[in-house]
Amino acid sequence: MMSDDTPRKSPIATRRRVLAGMSALPFMGILGTKVSAADYPTAVVNTTGLAVTDDKVTVGILHSVTGTMSISETGSVQAEKLAIKQINDAGGVLGRQIDFIQEDGASDWPTFAEKAKKLLVQDKVASVMGCWTSASRKAVLPVFEQYNGMLYYPTFYEGLEQSPNVIYTGQEATQQIIAGIDWVVSNKGAKSFYLLGSDYIWPRTSNKIARKHIEKLGLEVVGEEYYPLGHTQFNSVINKIKLRKPDVIYAIVVGGSNVAFYKQLKAAGIDMTKEKPLLLTISVTEDEILGIGGENIVGAYACMKYFQSLPNDNNVEFVKAFKEMWGDDIVIGDVTQAAYLGPWLWKMAVEKAGSFDIDKVREASPGIEFAKAPEGYVRIHENHHLWSKTRVGHALDDGQYEVVYETEDLVEPEPFPEGYQ
Amino acid sequence: MQQANTAPASPAPKDFLLSVEGLTVSFDGFKAVNGLSFYVDENEIRVIIGPNGAGKTTVLDLICGRTRATEGSIRFRDQELTRMKEHQIVHAGVGRKFQNPSIYEDLTVFENLELSFPRGRGVFGALAFRRDAQVIERVEEIAETIFLKDQLDTQAAILSHGQKQWLEIGMLLIQSPELLMLDEPVAGMSVSERVKTAELLHQIIKGHSVIVIEHDMKFVQDIAHRVTVMHQGKVLSEGSMDHVQHDPKVIEVYLGH
Amino acid sequence: MIGDYTLVEFSSILAMQGFAGLILFSVFVLMALGLAVIFGQMGVINMAHGEFMILGAYVTWLCSQFVTAYVPALFPIYFFIAMALAFVASGALGILVEWALIRHLYKRPLDTLLATWGLSLILQQLYRSVFGAREVGVSLPDWMMGSFPLTDIIEVPINGLFVMALTILISLAVFLLMFRSRWGKQVRAVVQNRPMAGAVGINTKKVDRLTFGLGCGVAGVAGSAFTMIGSTGPTAGQLYIVDTFLVVVFGGAASLIGTIASAFTISQAQSTMEFFMSGSMAKVLTLLTVVGILMLRPEGLFTLKMRR
Amino acid sequence: MNITLYSRREWIALAILSALILIVFPATMDIFRLNLVGKYLTYAFVAVGLVLCWGHGGILSLGQGIFFGLGGYCMAMFLKLEASSPENTAIQSTPGIPDFMDWNQVTELPFWWVPFKSFPFTLVAVVVVPVIFAWIIGAAMFKRRVGGVYFAIITQAFAAILTILIVGQQGYTGGVNGITDLRTLLGWDIRTDGAKVILYFVNAALLIAVLLVGQMVRVSKFGRLLIAMRDKEDRVRFSGYDVANFKMFIFCLAAAFSAIGGAMFTLQVGFMSPSFVGIVPSIEMVIFAAVGGRLSLFGAVYGALIVNWAKTSFSETFPELWLFAMGGLFIAVVMTFPNGLAGLFRSHVEPLVARLLRKPVVAARETTTAAEPAKLAAE
């Protein structure tokens, strides 16, 4: 797949960018005017027996509400519900209100597969917003491919995948990693890196990409280390870090381990507000800081595509709406924002295709542009990932990030990055 | 039936059924049995007496392999028991009855006896074991001896205490051991059960070598060929009942109290 | 390894690693002490031990929230109050659980395992419903967070010292309670011979209940202390359960000294190995070694040979 | 006096169960539900093993997931190799090896993967690998008389170790994602509806075969010895049996059953992941046996079906309440009906049926081996 794709990339990219500017306004116009369902008779827009009636279309939400992953996935569910509500308030999709069926993946991969199958086979949903971990995505992937469903997957992940049945609304690893490393190298003069992660595919693949990139730049990786998921004792690795004195601690620790890691790092006297060593992470969003505590991570840098503090108008509006719906205490992390894009991108693809049929939606998807995205303008690439900007945030002690850098252009998604495998 | 003091006067050094020599076991420095030696003849009935904590039950535990000796040897015919596992000791011909009735409460009397029948003792033997005429006949025969003929289908849990003791004796008998070891077989029994048990024991000890631990002096006098008196893990005195009863050392530590 | 570093660096690192091992040791002791009381002294397998710890952690979080909102002046010392409250809350829940579940199951130890597993599921969901699925961040007073720099490289984390001090304190308290007090004598009497203890006038039911409560209370304090170094979420308790049981079993279940010795051995082994290899492999090797030794010596490190 | 495989009553029970899984379910359910039931039935293999090992033998293993997982992984390795033909994996830097290896810079198939290219080898390995593992654990533990609680805790530790190992060695095992995207078995597409129906029946037939084997063990002298060992291990020893060998055998048998279940799981669900190896699934499998009735082989099947069905439907309607229900079930089954559904059936339904039929309940004789354990737990 990749080989067909690569050569065509750049010309299309430029053309699309031009188009983007022109189409943004009329497109927003469509959003505002009510589309009547009568213009799109059900028999025409739904030829494959999906759960679409004259006034309703059903989609699925598939996340973990119970189990260890519910910590992370709650935000995604909230964002997806918000997007659906907003779309409904604006007139729905092809004049139909969106109804959703929520299923619990229970942090258990076969349950995800089972529920995905139920949503597709029994409920005949028109699309599914869901999954968080790679493992759950891998588990549902064959189901989506077999029963031809459409999944909007929100998490930043390791890449190495490109399914016709998935739209990846988060960043793949190269998008997230390379810009961040380039930035610390050029702005902070970093020369040596210590790579650290939880022991599973995303941190390992990401660190692999990071290592290749660092070595390409002629710089040094002084250590690479993995700990089991849920590990809570990091004193030994902190000692090793002190000994090797890296310029940058590159940390991809996830879940409960995060909290332990940052608290112990701080307690061991590594002050991240100082210039050296500085800490760069791609796994700590504002959501995680809730558990870690802002005072324990202040000074760290995070590299991802979205921060709650992004100052653009779209985002201000989005944050306001989100808080109205889910309460003032809520924070919004990168994945939550990516999850919010799912329903919107689907709606646009459906309206572009003029049909709910999965095949037509898939065909219509590449090139879909969402200018009102909280993170700013994004566009779907042929490889079903998003063109998006990458940003570096500097952690403040109130649990928010201050955006200190943003890539000039959209970063092209490369799920199978050449030279990084 | 047999006279207690007709037992052989001095043990000849060979053809003992069981020779215990220099047996010592220590639990974290405490020597429960300390340099113990004694010998049991073929067809002899040996009673071990002694105050509580003298190490009597520990001796039986050592012989049947439940506890490992720290030092010393236990020879049964020409086998060294201290190096064998429990089930091998059983196969060699040593049977043991515990102080508290130790039976399978969830199984019936028949099944209890059947499990003790010495056949199909390996994993695959047990899987292939058939309940054939020979088994049934032997089980019924033993059940008759232990007064439980009518209770074959009863779940063992609902037997009386005395019946449970009998059942365990029956489980021992069906193994046809050469050496029977009984730990306080009449303890906790009603008077009538006690009489019946004495009768049972008299009947079964014929043709067996037996080691009995017992406190009931009347009972001891009745059955013992020789008596070993233990005190603090050592043999205090040994000989006929008459002999030990008049041994001043014994009187001092045990009978005198 | 020495090749890359100067002697000073290397010896500093040894010292630091030793200290990391000591912190891990304290963590293990704190985790295991409550369980050792319950499992070792009562023979009850409390699979919900981790959830009792997390209850302590949540109590600490509630305290920090309350103190910051209403009496900020107390903030620097609120942690001590929180730990006391954690002890009371977890202990009270323990007593309740003993009354409702455990006392019916003393003769079926494997069934206590299943019942308490069920309890742990219920508690997890309860925490999730009450406190939310996300982890909560417990803010700590500043004086507990920093470190003393001893030399250029060696820095001693204050929270590590705090956990160590707490461990010593709690171990001492438990020892005094179990081995020097009248109540401890009663506990041990009940453990050794329940009917006899009852016969000599010990209220065995009360002793059971308080012992269980004590074990759970200690778990609560441990959970409270762990807010300094770990995370507080509905399922965080699960992370501790395997380690905790292994520490107790490895030490020889009935022996509190054994528990401490085993915590020391395991923690030193793990932290040393972590220095030389990846965390995952260190963990696997540590667990395998412990299990291997347990297979060769099932009674654990410290046990009395018993006369049966 | 001779023992038959099943009493008349039990024949009826077997007939009902077979009819249910072989006729009623396939006739009334759509392919989606049927596949779900097929998945639940793979857990029943584990539960049946636990009934023998735990209910009868008193050996509580909290590590049955190890064997379920090993069986499943063996099957998954074969299927993955078949799915990773050089043509299918042409885009990889090293074609012909599983995709996850390629992502982890493994450039050559590890030697221990190579035999899994052979289907006959895989079929043998599915059972033999877990059994060898069980034998090693069992030999080490039972020979040294580790039992009861200690055994449970150590098996649990093994489950934890194996999970960390599988997750940590992702280049060779697929890591936390497991081995996914399995497609064909000897060229036969296992993802089609037709294949799922056939696999369902294979699974059901295997389960009935396992039930028969289990029953054969149960009614043999071995079965009575198991109960005897559970209640009075010492007495069994002093009746001349080498207890450790018996325990090892039953533990290995339970492991073999679990492994068959695991392999069928992989075939029906299409992937295998470390989340079936760990502590949580292992304990859940114990609850299937406990709910069904820890002494009833049929009960184990019903237990697995009912708990999983409840899990699915409960979590569809009240996802948040599911853990409460599951936890409550654990407690209830231990506190109020330790003999599970089978016990309830015997004490409540059977007398009722008997009264309706005006026939005396079959004498206690046949049920004593199974009914009412005076002491449920091992030492």
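So that you can tell them apart, the chains are marked A, B, C and D in the order they are listed, and the count of residues begins at 1 in each.
As a working rule, a contact is a pair of C-beta atoms (placed from the backbone, for glycine too) under 8 Å apart; a residue touches a chain by one contact, two chains touch by 3 or more.
What you are looking at is a predicted structure, and each value in this text was computed from that prediction instead of being measured.
Student: Closest chain to the protein's overall Cα mean, using per-chain Cα means, please.
Tutor: D
Student: By CA centroid distance, what chain is farthest from chain B?
Tutor: Chain centre farthest from chain B's centre: A.
Student: Report, in whole Å, the distance between the mean C-alpha point of chain A and the mean C-alpha point of chain B.
Tutor: 76
Student: Measuring centre to centre with CA averages, how many angstrom lie between chain B and chain D?
Tutor: That gives a centre separation of 44 Å.
Student: If you average the CA atoms of chain A and of chain D, how far apart do the two points sit, in angstrom?
Tutor: 38
Student: So the centre of each chain is just the mean of its C-alpha atoms; given that, what is the distance between chain B and chain C in Å?
Tutor: Distance between chain centres, rounded to whole Å: 48 Å.
Student: Hey, what residues on chain B touch two or more of the other chains?
Tutor: 66
Student: Note the residues in chain D that touch 2 or more other chains, in rising order.
Tutor: Residues 164, 167-168, 320, 322-323, 375.
Student: Can you list the residues of chain C that touch 2 or more other chains?
Tutor: Where chain C meets two or more other chains at a single residue, that happens at 125, 128, 238, 278, 280, 283.
Student: Name, in rising order, each residue of chain C that touches chain D in their complex.
Tutor: Listed in rising order, the residues of chain C that touch chain D are 43, 45, 101, 104-105, 107-111, 113-115, 117-126, 128-129, 238, 241-242, 245-246, 249, 278, 280-281, 283-284, 287-288, 290-291, 294-296, 298.
Student: Which residues of chain D touch chain A in their complex?
Tutor: 30-32, 35-36, 39, 91, 93, 99-100, 102-105, 164, 167-168, 170, 175-178, 180-182, 191, 269-271, 273, 275-276, 312, 315-316, 319-320, 322-323
Student: How about chain D: which of its residues touch chain C in the complex?
Tutor: Going through chain D, the ones touching chain C are 60, 62, 140-141, 144-146, 148-150, 152-154, 156-158, 160-161, 164-165, 167-168, 279-280, 283, 286-287, 290, 320-324, 326-331, 333-335, 338, 375-378.
Student: Across the complex, what residues on chain B touch chain D?
Tutor: Touching chain D: residues 64, 66, 85-87, 90-91, 95-96, 98, 102-108, 111, 114-116, 118, 120-123, 126-131, 136, 153, 155, 157, 168, 171, 175 of chain B.
Student: With touch defined as at the start, can you tell me which chain A residues reach chain C in the complex?
Tutor: 65-68, 70-71, 74, 199, 225-228, 230-233, 235-240, 242-243, 255-260, 263-264, 266-269, 287, 289-296
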